[in-house]
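First up is the structure itself, then whatever we jot down about it.
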Amino acid sequence: MIMSQSHLKICPRRLSLARIATIAIAIMVYWWAVRGTEVSLTEFIRGLPGIWNLLQHMFPPDLKILKTVGGPVIETLQIGILSTIIGSLIAFPLGFLAAANTSPHRFVYILIRAILNVFRGVSEIIWGLIFVVALGLGSFPGVIALVIFCVGTIGKLLAEAVEAVDPGPLEAIRSTGASNWKVFLYGVWPQVIPIYLSYCLYYWDHNTRQATILGFVGAGGVGYTLFVALSMYEFEQATSIIFVMVILITLIDRFCWFLRRRII
Amino acid sequence: MAPLISVNKVTKAYGRDNPAIQDISLAIEKGEFVVLFGPSGVGKSTLLRCLNYLVKPTLGDIIIEGKNLGSLSKSKLLRVRCGIGMIFQEFNLVNRLSVLTNVLCGKLGHTGFFRALTYRFSREDYETAVKALRRSGLDDESLYLRRPDTLSGGQKQRVAIARMLLQEPKIILADEPIASLDLKIQHTIMELIANIATNDEITVVMSLHNIEIAKQYASRIVGLYKGRIEFDGPPGALSHDIINKVFGLTEKVTND
Amino acid sequence: MINKHQQMSGGVEFLFVRRRKRRLYIALTILGIIGVAFWAAWGTGFNIPKLISGSPKIYNFLSRMFPPAAYFFPKVLKPTIETLQMALLGTTIPIFFALPLALLAAANTGPNRLVTFFIRILLNLLRTVPELVWALLLVNVVGLGAFPGVLALTLHTIGGLGKLYAEAIEAANPGIIEAMEAVGAKRYKVILFGIVPSCLPLMISTTLLYWEYNNRTATILGLVGAGGIGLALTHAIEDFRYHDAVTCLVIIVLILSIIDRVSAKLRARVI
């Protein structure tokens, strides 16, 4: 905004070349992406009456199905809660093993980090798909899939938090003649636990959200109900179910937000 | 009488760089108030940390009360550390724990496994902690359960001093304890430390870069420059000429 | 003297009681969580024997998947690129919509509270409906392929970025507004030249994070026919071509790791 004269002289010329090159590359990448995904405004406009058509099929929502949706909703909640609890418990020791400052050996550090990366690298839905194929339909594979993803994400985030711990207080506690594990309990633990709990809550929200769609691959819960409804082209039912999903996710979101404020 | 602390030709080098401290030899008697003086980066912190073996010297020995710290087993070293209290420039309190729990950390060396695990300290420990806090000048009990991050710098250092008091130390190590405090508070805290040292017969080894305060409180000044001892004597003998000549500092800098 | 001693003990007593109460509170919470866990386990049919009997099945399955089929790698190239393209478009197109919406939805830049309220609801609706659901609906509208995938991501991301941008705008330094108003700038100028530039680093960082997340989501949109490598993966699993499936997985993990790194580097330069 306020620039000195000399700065004005240098800036435009140096920025010109780099800027133009960047913009050109961006445009090319964009063009390539648009071609590749066949995004087209004309197709979209052609499809608009289809949207109107779809909306007509979807409304008014079929309220009868709401009676039977209670069970799957509870199942979804259970999947979300259970997978978060188990996942965060397993992630806890792994997080410390994956942190450079608390890992017993460099090899362990690298190994655990790699495992965590694989766990979180693959989307939960894909894990869900894998486990449904391996174990059959139902919410059991869904829980396992979410546990694996949870271990990967929370594990990595915990490791980062442990590495970011302030070493000053640790030094102070060590200087009082406390053994290593006491330094950990009074120095590392209090710094790490609030962050860990915050992540657990955040991922409970996330896991419940994912649990709603894991049903698509057969892993139980409200997602499965939706999948069945859409396969049978029962669009009014689908609308009700989506409506319920949205309310469920919003409630959990609010609740988690409220709890997180109390922890931090 | 054998000195309380004996530093024998201690050198500490980090990697292949120049050693942080080189060939340091010192004998400190009980009851002395030794100030390590010198500009930043000259090795004062390293030397202090060698004294309680938070940093292991590359060469040389540290002998405290006749025990060579390098030859002690882990548990015996911890015992020795129990008797050495340390305060820091950045206070180093645990922000997530209450002021009281921070002070109670001073007792960690003496607390058993299960008690420490569940954060259970005895009633006596609590009373001692409260006494220590009062002695450090923190009478307001509403502060005790608050987190340290709501306190001022001076108050934080008082908490750190209270923590140190719980150790009932024979030696106090202080790494620039007043550098992060306002001018007014600096003297108050120095008075506090000096009084505690005199009343409890504690030997103090403190690093400072403020020459005026050093001269005022020290019984002995050890000047360091580039990792070596360049001066060792009573504060009276440290004239401005010696300071300028030895450290290459201008008078203005040393008088801040 | 006696009074002082009593007072001091009284203070310590109070601390002790507080400690005890807090311990009880924590113990109850932990018990509550364990209880909930058991309830959830019962509901989802999760139990240890099942886990033990299921493990060899999983191991069996996974061992059948390895090693990845080398011949399949080139075949996966096109869907992979499609996935990346979907994620790119699905993150960048929403910016043009999310930014104005965010300006309307933020308390300090919105025109009035009614508009703010409704825009917020709209954004929430967009982001709460899972992308997969959007994709499913859109496949019914524009057919299969990557196009509905891009649309699905776009809709969801408008909601997500809109909300995050709005939060960044609301967290803007009020000092900047004050300063610009003091200079006599009109409202829109205050927003355009004051607030937005100051929130820019945070917004760019958020967008990069969302791009990372969208890449992950784009890999699974193929499940419902909305393009990308998810489709290849699903087909491979359905046709029992497990080696091909694991090839897809390996590619996915690799690509996402690279994207993670790129995103982290870019974010470091922005902040």
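First chain written, first letter: the chains are A, B and C, and each begins at residue 1.
Everything below uses one rule, namely that a residue touches a chain if its C-beta (ideal position, glycine included) is under 8 Å from a C-beta of that chain, and two chains touch if they have at least 3 such contacts.
Given the structure is predicted, the values throughout are model-derived calculations rather than measurements.
*Asks:* Enter the minimum step count from chain B to chain C; a value of 1 means the two chains touch.
*Replies:* 1
*Asks:* Any idea whether A-C or A-B has more C-beta pairs in contact?
*Replies:* Here the pair linked by more C-beta pairs in contact is A-C.
*Asks:* If you average the CA coordinates per chain, which chain's centre is most distant from that of chain A?
*Replies:* That would be chain B.
*Asks:* Roughly how many whole angstrom separate the Cα centroids of chain A and chain B?
*Replies:* The answer is 47 Å.
*Asks:* What whole-Å value do you get for the distance between chain A and chain C if each is reduced to the mean of its CA atoms?
*Replies:* Computed value for the inter-centroid distance: 5 Å.
*Asks:* So in the complex, which bits of chain C are touching chain B?
*Replies:* Where chain C meets chain B, its residues are 8-9, 11-12, 15-16, 18, 23.
*Asks:* State the interface residues of chain A toward chain B in the complex, per the touch definition above.
*Replies:* The contact residues of chain A facing chain B are 168-169, 171-179, 182, 185-187, 190-191, 193-194.
*Asks:* Okay, in this complex, where on chain A does chain C touch?
*Replies:* Residues in contact with chain C: 1, 29-30, 32-34, 36-40, 43-44, 47, 50-51, 54, 74-75, 77-79, 81-82, 85-86, 117-118, 121-123, 125-126, 129-131, 133-135, 138-140, 142-143, 209, 212-213, 216-217, 220, 226, 230, 242, 245-246, 249-250, 253.
*Asks:* Per the contact definition, I'd like the list of chain B residues that touch chain A in the complex.
*Replies:* Contact set of chain B toward chain A: 52, 54, 74-75, 78-86, 88, 90, 92-97, 101, 105-106, 108-109, 111, 116-117, 160, 163-164, 167, 173.
*Asks:* Quick one: in the complex, what on chain B touches chain C?
*Replies:* Its residues touching chain C are 100, 118, 123, 126-127, 130-131, 141, 144-145.
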